[in-house]
Structure formats: structure tokens, C-alpha cells
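Reviewing the structure listed below.
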Amino acid sequence: QAAEVHLSVAASMTDAIKELDAAFIVDHPDVTMLPNFGSSGSLAKQVAQGAAADLFVSANPKWMSYLETEGKIAPQTVRDLAQNTLVVVGPQKTAVNSLQDLEVMERIALGSPGSVPAGQYAQQAMRAAGVYDRLAAAKKLVMAKDVRQALLYADRGEVDAAFVYGTDALLVQKAVVLYTVPANLHDPIYYPMGLTIAGEKNSAARAFYDFLASPAARKILAKYGFCAPGAGAAAK
Amino acid sequence: MLNLSPQDMQAIWLSAQVATAATLISVPFGFAVAYFLVFVRLPGKALIEGVVNLPLVLPPVVVGYLLLLLFGQSGVLGPLLQSLGIRIIFTLKAAVIASAVVGFPLLVRSIRTGMEDIDERYLQASRTLGARWWDTLLTIILPLSGRALLAGMTLMFARSLGEFGATIILAGNIPGVTQTIPLAIYEYTNTPGGDRMALSLCLVSIVISFAVLLANESVSRKFRQRTTR
Amino acid sequence: MLNLSPQDMQAIWLSAQVATAATLISVPFGFAVAYFLVFVRLPGKALIEGVVNLPLVLPPVVVGYLLLLLFGQSGVLGPLLQSLGIRIIFTLKAAVIASAVVGFPLLVRSIRTGMEDIDERYLQASRTLGARWWDTLLTIILPLSGRALLAGMTLMFARSLGEFGATIILAGNIPGVTQTIPLAIYEYTNTPGGDRMALSLCLVSIVISFAVLLANESVSRKFRQRTTR
Amino acid sequence: MNLDVSLRKNYGGFQLDVAFSLTENRCGIFGPSGSGKSTLMHLLAGLLEPDEGRIELAGQILFDSARRINVPPEKRRIGVVFQHAHLFPHMNVRRNLLYGWKRTPEAERRIDPQALARVLQIDQLLERGVNSLSGGERQRVALARTVLACPRLILMDEPLNGLDEELKFQIIPYLNKVFSEFAVPLLFISHSLHEMRLMADEVLVFEGGHMQQRLPAEELARRSLVTGSRGYANLLTLRGPRPHGDLWLYHWEGNELILTDSGAAGDNVFELAAKDITLFKRHPEASSARNMLPCRVAGIFGAGNRIGVELACGSGRLICQIVPDSVRELDIRQGAEVIAVVKASAFHRLY
Amino acid sequence: MNLDVSLRKNYGGFQLDVAFSLTENRCGIFGPSGSGKSTLMHLLAGLLEPDEGRIELAGQILFDSARRINVPPEKRRIGVVFQHAHLFPHMNVRRNLLYGWKRTPEAERRIDPQALARVLQIDQLLERGVNSLSGGERQRVALARTVLACPRLILMDEPLNGLDEELKFQIIPYLNKVFSEFAVPLLFISHSLHEMRLMADEVLVFEGGHMQQRLPAEELARRSLVTGSRGYANLLTLRGPRPHGDLWLYHWEGNELILTDSGAAGDNVFELAAKDITLFKRHPEASSARNMLPCRVAGIFGAGNRIGVELACGSGRLICQIVPDSVRELDIRQGAEVIAVVKASAFHRLY
């Protein structure tokens, strides 16, 4: 009987997970991988409502702990899959040396802090730099619905700067990375993962969970700009 | 020019299935609701109309979330469905339901306008000729609102092709299972260099809807020829 | 029961403005396009109809993206607009444009169905009485498709209240500036525990749309009384 | 027919208020434009709800405001021929025709669609769409559609409007045959006294929403001798035409009449205006008139300068209209013998 | 009117193919149901495009398939009264009436809406919605609406259908007055020979999409003496009625006539059927007929057993219908002296 593994994965890891899947089934040809990509929030709600999921990969510890309290995740299986960095991208002309430099700008895009983890980290960083409240009061902040949208704005020159993940910065076409936000200005950017209660009983899911900790998996993750948990900094 | 991956082809095929199924399944309900709203005299009709319009007023994501609350395992209908062995969430059924719900107000509104424009005197004539209400419904109202029904179906089909928000919540975004064109487009926009691919899929959507539109036009023209000089 | 933050109140006010403006601005265009599609004989009409339907077929996010390509600073119209001192992106204008574009196919389709149902003989009578085409348009076609126009406006207004995908791309989500109800709801639903607040805003949306619906019904009934026995 | 009606309906400025009970099978409603004829028809058919009142047909209560009874139109089995046809635009002629017929239980289908279509001259149109029909064609299809539904009562709202005379008089006898053969009662609305005479036995005269008079069609016709603009017309059934030189000889109630028109082999209905009969005291010589019937005066009626003289000729009766002077000069009184002179061309064949 | 028409139109099974040119101001189109009358009207008004042909009105080419000219309906200034009214459902009666009037340049508004509404008896309905009108009321409003647009030519498709006789004859003289006073040419479609006589000078007879005959209305009427079912009717204009015992004395072309009907002070148009005139060789005694006019035979026409005799009485002319036997017996030939006997009740007042 063919085993199925249902994955619920934050959309920002789409490509990495697809490659990890492909690598995994080379050794497990009898397993069918069924990844479901979406925003961490909607994935969490699906899992909370009993949707089929064995492994949940969140872009944000908040939604992981939400599911833990809902009792949907086996708590002992929760660990970090990867880490990311926060960078500021923008059209080439501007030079940014610190977050204070953002104050001269007209428009700054970030993921909506309420819903987008990257936005939340950006908020933390700006708060730590002491510029957030003034920027917000001046209505200079454009809250994007996800990181990709913030990146799009920067790429098309609609904003002067955008906070995105280091991994996303690999996707830019016209814009460039202006500044890498120091890791001490925000919480560590973790991608926590955990097996669901159902997933814990699925041996194929457990095998994949273990595979994700393997050096082979690490290499794939690194290829897409993610660094190993605890490593601290990202590529570039 | 278009280079579509096998996964894209799957998405197109799924989208076509979902749009078709959602449209066809909704037609009888939409027709019944429109009939009710136009011809049945009852207080509180406005309320029903309000409910029908909900999926239009609410952001699709909210609609999807509400549907999740309804069909989820810990939802209202979940346990019942589970006892019947029916799984909705993360299946194509969910995509069909999401599309059907979101497009429903469009269908109903269109049929309604058509029904309201039927000359009452035809209904009077049919009734004096011995036709009961359901008979009049089938033989007079249905054919005379045929064009409006078709228009509504086209609207709904087109809307289904573009449905994203409710679908991704209720059906998930699982390539090859529930990933319809809009979800695939979404995925491409999350991928480096995916914009070209996204554009290809948009074009496919446009071509499909265009074909449906033309089919609708020609059928509709026949209707029109048959009913006016 | 409803506890709305000042930011929510702002979102409601913005949403009402956007929906109203989008609907009113679209009406003349929608009417003109419907008239063209119904009464003007020209090859290639199907193409225009296809274009009008695009925003329905494409996922709203894609529509938003395409609008961004059009109105953005490096977009097609961007430089022109900029030289005129007009900024679209990240302003309420953008939200109105996004809503108008997304709702436009609904408006046109509704008006069209109404126009197609006008008895041709009234048009003949008016023309033999000396009315030019635009005169007939204003004095016969407009009032006789009034109900369909109203229905279309209601549809469009409701759709605008729920518009999310295109708006968030073109207008951004700037609290107090472009954050309409759906964008506010989105924020809440993506925050653990925000569901209650999201629900409150949904209820507001529903109430507004309901009021518009009832207004439409009563005006529409007057139309009907005036035009049929 | 046993139809009991007592209804009130307020309509903007117009008020309908009628009460009557009918037993004749063929009734007419006669009245000027706007007098409420069509409104009454809609009320009877159940298409309009009365403000108050009662309708009973053949012992069944169809409407009673006091008892809150209101039988829906499709259960009343009252057929309606509307003033403006109202053919179903999405069906061809055949499907329109058979619409009511198919909804009639087989046992009650008493009329052959084919035959009816032939009589109404619409058998060539069966596959046509109704929107391509001419005005008269539409009216005939509507007529047939209602008749084929075999209702218990047929209401006809000026059904012969827009038909030329010839066709009208081709249709009337057939309708009469259908109605009498299958005893379908009929309520016939018309402006035409003539159609009224031919289609109805009893006539309700409407004016401004009220029933003004109610009288046999024959009586209405007699009154029109005095009040109407056209006067009275005798309807004679003539039999067995034989050629007579250039002319035709017919039997009529023991008399022989000479007519210019040839007729059909059996019965022929001819119209003869009361004004077309001239009375003479003695047999006149050298008149262009071909018929000189010796008669006895059976009665005198009328008023003013229009006097109707009822004549007995053989077993037949004729009404002749003359002026008061003539009554004196010819000494017309009950029982007097006179010669009725009628031209051969004065007879007008209806069917 | 100067109307040149040559048209072909194929319509499913039906084919219209006509060519005529009209100069009379009042023309009629006469023909059975389905003969193409309404189709012709639509073609002339520009509401239907001919397959081929040419229309020229008063020197202006309205349609020419060869030269690809097709003037749109609103520029043709041809008014149409449709067979089924087609009133605008969203306007009240007043706005319907004035629709065309408002679109007419002030200089060309030759008819007073108030006066017209009064004559057509719709002045009480002005504020009413058109959907609450009775059948006859609708037709009158449609009539007025077209006339008020003051067109160069009016096409009327059975406009008097659904009106009672009385109203019909009230409207006809007014229409005639409007049409002649303002010289509005008229194309009048009807089934009724009678209306035709009163409204048209020249008549085109249609049959199966073709023009079968074309003749003066008077000639059509004379032919109907032989072929029609109703025969010929004389139309007499009688003047200055004076009481004469119970009856009324009128002047007619140097004769005095005795009638039962009282008329208006000025001119009165009466109808007298050719069948209602009886000829005598000698003055008859003791007849109920009041009028005995000495006449001279001015001509004889007709065929079969229906002979029309044209009589000269004073300066007037009468047509009398008799049978061939009578011609022989009374020795009727041109120039012969005869007595025409007419009953006082035989005259029927039209208006």
C-alpha cells in the first residue's frame, strides 16, 4: 500500500520543499508527497479544522504555537527546519547604511506585521532602531500581504525600500539588496516544523521529517538561501 | 510560445473541471432561488436575498474560512460527512464548492433579472391553459429566462476560472490534486522567474473563457431569434 | 457586541467611499459598453467582450498586477500620470480603480441582459417618431433597462465591498489611507485570535451591502410598477 | 352554464361593480371602450383578484372573499382568448396550439387539432415561429389554442378583431358548432352587435363599470332598430338554392325567395336588413324588386320615427322598419295584410 | 404625395414583390390577412430592410439598393401607427402623446395636442400609465402620438381596430380634417372596405405579397357591387335638416330627401346602400317608402345577376343595384326615366 505524506508548507519555501520532496522519493519510491503551499496563517487554520496534514512547516513560530495549544501538533516533534535573514531591497539609486536612513524615503514596503512574519521582524527591527512610529505616523509604510508583494513593489520602483527575506532577495530582477538588517535587531527568523498528531503515526511522514535533518537536506536548503538552524546569517 | 509544464497542464485540466462542475451544480439551485425571489410572495425574502449575496460581499478568503468552519472535521457538517465517508477539505470537491459558493450570487442575480423581465401576460396565458406553477415554470419561465440563465452561467464559469481566495483555504494548494490555474499562478509568483509561466497560464484562462463566451453568444443569439422578431 | 477600533472605523469609511465611487464612475462606461455590445453591429465585438470580461476570468491578484504594470511609476501610463502630477498607486484612487475594474464585467453583463430584453418594437416606434439613436438611447433604452442597471450597480457595489486581491496590490495596504474592510479583515484573520475582530468587520460589510440591496429592491419595484401592469 | 357573479374591483379611478347570474350557454358582453369588459374577464379567469365578491361556476365556488376562497386560474378551467393574443414567443405555432390540449386529460379532449387548424386556416403555419405571424394569423392561433384546452367556459375578448369579414364569417359557424356540439359555454366580448347576434343568446350591456342592461341578443337587436345606427337585421336560414334565370330560388319557411347570391347545398344564413323591406298595400307593378311576399302584420313596436313591424310570412317571421306616416297611410295594424317587397340583392349571405 | 416604390423582400416562405407610384394624398392598402400589408409598411418606414429596390418620397430617395442609400427611420419623417399600438410602457399617456411632437421643429407643429386629445376622447387619460389603458384607449393614444409628430407621410396599420363603430365614425372625420387641412399624405391599411372609402381616394389591393389591382376607392366600391359580399354603398352629403312630421327633410343636390335620422346643422354624410334603392317604371301608390325620386339612367355596369344602374337625380348621382330581369322588365337603358324609391330609414348617418 502506497504511503502518502501530506505537507502544509509556508509558501516562501515552495521551491526548496519541492526539491526536498524529489530528493526524498528517490529513496522512498513508494511514498507519494502531497505538499500544500499557502500562507502560514491559512495553513494553520486548515490544520486546526482537521484538514489532512502530516507535517506543518511555518514561516512563523506564532502559528506553530497556536497549533500546539490547539492540540494538533505533537509538541515533542517541533524543531526548526531552517533560518532566514532580513534584508532591505530597493532601486539601485539609494544608499542605506542603517535603518535610520529609511526616514528620508517616501514609501517603504513591508509585510503586514499582523499577518506576515517578515513584516513582524521588520517592525521589530525598525522599533529597535527607533524609526517605526515616526514612519507609521507619516503613513510611509505600505503593508503588503506577503513578502513577495513587498519585493514586487521594490522591483518595480513603486517604493524606495522593502523589507524581505534574504531568500526572497534572490528573486529580484531590477532591485538590489541595500542593507542586511543585523540579526540582533529582531527575533531569530526560524522556520519551525512539527509533525501533526496524525503525522506522528505516519511512518513515511516520520521518515521525511528525519530526512529534513540530514546533510543532504541541509544542502538543498542552503541552495535556496536558507541557513541551518543556529547558523545565524544567510547567504550574501 | 506557450510552454506549459505537465503540472500546468494538470492545473488547466483541474480548473476546467472545477469551473464546469461548479457551474452545472449551481444552475438548478440558482434557478430555484431566483424563482423564489421573483415569484413567491413571502415576507423575509430580503433576508434570503441578503444571504445569497454574502459570498459577493465578503472577501473570498473570508468565504473560504467560513466554508472551512462548515465543512472541516471539527466544523458543523464535518462529523456528519465523515460518518458518511465523505471528505471535502483538500479535495477537488472543496474547490468545486468554493467556486460554486463564490459565483452563486452572480448566477442568481442574472437569472433574476431575466425572470423579472418576462411579460406577466405569458404566465397568465399559460395558467388559464391549465398549467400548474411548476409546469409554467418549466415550459414558460425557464425558456424565456434562458438567455439570462446562460449569461449567468458564463459569468459564473468565468468567475470560477479566476477564483483563488476561497479555493486556497478550502481546497488547499496541492499540485495535481487541487491546484487550479489561479493557485498555480500564485505559486509561480512565489518562484524566481515565474512571471513568464504565470503569464502563460493567464493566457490559457483567457482563451478558455473566451471560448465559453463565444459559445454563450451563439446559443444566446439562437434564443433571441426564437423569441423576438 | 461590535467593538470596532478607530482603525476599523476608518476602514469602513474608506470601503464605503471606494465602493460608491467605483460604482458611480463605472456606470456611464458600463452603460456605453453594454449599448455598444447590444446595439452596434460591428465585427470584432466578441473581442471587446472578451477584454471586458478579463477581470472576471483572471485571479484578482493578477488583475492587480496588470494594473500595477499599467499605472506604476515604471508602467505604461505611469510617466504620463506623473508628469500631470497624478499619483495613483498607494492612494484611494488606486482602490477605486481596482474595484471598478474587477466589478466592471458584472455591471456590463447585467445591463446587457436588460438591454437585450427590451422589445425592439419600442425602439422602432421611437425612431419613427423622429428620435435619433442617442435620443432613443436616453429616453427609451435607459429607462427600460433601468432595473438591470440598478441590479448591476448593486452587484458591483457588493463586489467592491469584498474586493481584496487587486486592491491590495494596486493600492497597498496603508492603514487610514487605503486599508478598506477586506484588507483589514485579512490582517485580522492572519493573526491568531483575530477572528472575532474579523467577524465584526464582516458583519459591517454585510449590513452595508444589505442596506444597498434593500434600497435597490425598492427602487427596482417602482420601476417595475411603472413598466408593467 | 351556471355562472353566478357578484364582484367589486377598484382600479385607480375606475370602479367595476357587477352582479349577475347566467344560465344561457352563449352570453355576450357589450359596451363601449373602457367600460370594464376586459377587467371583468380577468376577474373571472382568476388573473386579477376582486376586492370583494363571489364567483360560482357550475356549482363550484371559484372565488368568495367572505370565505377566503380563491381557486387559482389553472384549476378554474376557464379558457381565455386575450385581446392581444399573448402567444408564447418561444414556441412555434404547433406548440402554442397544443399547449392547453396537452394539459387536458385525454378523456376531455373533444376537439381535433387538425380539423380546427384547417377551419381557422392556420394549418399551413404550424411550423412557423409566432413572431413572424401577421396580426390576423396571431389572433386565429390564440383562438385555437384556447378552444383546444377544452375549458368549461370560454371567455373571448374581441377575438375576431383584425380578421377580414370573409374569414370572420367562415370562423363563426365553426365556433358555434364547436361550442354547441360540446356544450362549451361562452362569454363573448365584442363591440360588434352583429358578432353578438351570431355568437350570443343573451347579452349584458356594460357602461362605466356597471351592467346597464341584460337582455336576449334578439331583443338587443330589436332595440337597435330604434337606437342603433345600423338598425335591425333579420337573420334568415334559407334552404336548397335552385337556379332561376340569372338568380337563385331558395326555400324559406314555406315561402320562395329570389336572391342574387348562390349558396351552399344545405342551410345558408342570410342577413336581411329591416330597412330593406318595403311594404305595399297592393301588389305593385313593374318594380325592380324580385320578391313580393304577402304577409300578415303580427306586431308593431318601436318609437319615434322608427317603427318595427313584425310580419308573418308563411311560417316565418320578418321585421320591417318603416316610418309612422307609412303606418297611417298603409293602415298597418295587427292582422292587416300587406305585401313585403324585397330586392333580390338585399340578402347578404353570412355563411 | 409623390411616392415611388419598387421593392422585393423575402421572408422565410413569404415573398413581397411590389412596384407602384402614388400621387394621391390618401391611399389605401387593402388585402386579406397575411398578404403583406404590414410588411410593406415596415419597409417604407425603414424598420425592415428590403432585399432590393428603391423608395422615393417627394423627390427624396429614402432607399436605393443599387446606390446603397438607406435613410434611417428617424430621418424619413414617416409616421407609423402600428397594428398593436406599441406605447412606451414607462411613460404616461401625456408623455407618449408628446414624444414625437417634442421632436418636431416648432415651425412644423401644426396640430394642437389638446384639441386632438379631446377629439379622440383621451383628454381624461393624460396622467394615466399606459399599461392601465383598455384596448381601444391604447389604439387612440397611438393614433394621436403619430399624428402629433407631424410627419410627411403617415402609415396606418388597421388603426381603427378595437374601436366601436360610434367612436370610429367620430374619429374618421377628424382625421380627414387633419390630413386634408395640413395636407399630410396617408397610407391606410385596412380590411374594411368601408373605412377604405372614407379614408382613401386610391386603393392598392394586395394578395399574397403582390399588388393585384390598383384603382380609385370609388371604383373598388363599385366593383364590390359585383364581387363583394356587402355590395355598394352610396355616400351622400346631405344639408340643412328640417323637421317634417316625425321625420327630417334634407337637401341633396337639388333634391329633397326624407330621412328618419336628424343630423347636424351643416353637412352630414349618410350612407345609402345600392340595394336599398328600388326602381319603378311608374310612380307607385301606397308604399311605405317615403322617397320617390324621378331620375334618368346615366349608365349601366356590373355582371352576372348584379347590375349597377347609375342614376342622375337633380345634380346628384346614385348607384342602384338591381337584377338583370328587372333591367328587361323596366326597360332600363341609358337615358330612360325611372322612379327611385328609397325608405326614409335606409339612410345611415356616418358623421
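Here the chain labels run A, B, C, D and E in written order, and each chain numbers its own residues starting at 1.
The criterion applied here is as follows: a contact is a pair of C-beta atoms (placed from the backbone, for glycine too) under 8 Å apart; a residue touches a chain by one contact, two chains touch by 3 or more.
Here the structure is a predicted model, which means the values were calculated and not measured.
*Asks:* Name the chain whose C-alpha centroid is most distant from the C-alpha centroid of subunit D.
*Replies:* It is A.
*Asks:* Need the CA-centroid distance for the pair subunit B / subunit C, whole Å please.
*Replies:* 19
*Asks:* Averaging only over C-alpha atoms, locate the centres of subunit C and subunit E and give their separation in whole Å.
*Replies:* Centre separation, subunit C to subunit E: 57 Å.
*Asks:* Taking each chain's centre as its mean C-alpha position, how far apart are subunit A and subunit D in Å?
*Replies:* A distance of 90 Å separates the two centres.
*Asks:* Which whole number of Å gives the spacing of the CA centres of subunit B and subunit E?
*Replies:* Comparing mean C-alpha positions, subunit E is 60 Å from subunit B.
*Asks:* Would you pick out the residues of subunit A that each touch at least 2 other chains?
*Replies:* 42, 45
*Asks:* Which subunit B residues sit where two or more other chains touch them?
*Replies:* Residue numbers touching two or more other chains: 61, 65, 119, 121, 186, 189, 228-229.
*Asks:* For subunit E, jot down the residues that touch at least 2 other chains.
*Replies:* Touching at least two other chains: 84, 132.
*Asks:* Any two chains that touch count here, so list every such pair.
*Replies:* A-B, A-C, B-C, B-D, C-E, D-E
*Asks:* Which part of subunit B faces subunit D closely enough to touch in the complex?
*Replies:* Interface residues on the subunit B side: 119, 121-122, 124-132, 135, 139-140, 143-144, 146, 223, 226-229.
*Asks:* Would you mind writing out the residues of subunit C in touch with subunit B in their complex?
*Replies:* So the residues of subunit C touching subunit B come out as 46, 49-50, 53-54, 56-62, 65, 105-106, 109-110, 112-114, 116-117, 119-121, 147-148, 151, 154-155, 158-159, 161-165, 182, 185-186, 189, 198, 202, 205-206, 208-210, 213-214, 217, 224, 228-229.
*Asks:* What does subunit A use to touch subunit C in their complex?
*Replies:* The contact residues of subunit A facing subunit C are 39, 41-42, 44-45, 62-63, 66, 107, 109, 112, 114-116, 139, 141-145, 149, 152-153, 156-158.
*Asks:* Residue numbers of subunit E touching subunit D in their complex, please.
*Replies:* So the residues of subunit E in touch with subunit D come to 11-13, 32-34, 37-38, 83-84, 128, 132, 134-137, 157-158, 161-167, 169, 191-192, 229-231, 245-247, 258, 260, 273-276, 278-282, 284-290, 304-306, 320-326, 329-330, 341, 343-346, 348-349.
*Asks:* Quick check: in the complex, which residue numbers of subunit E touch subunit C?
*Replies:* 45-47, 72-74, 76-80, 82, 84, 86-90, 99-100, 103-104, 129, 131-132, 145-146, 149, 151
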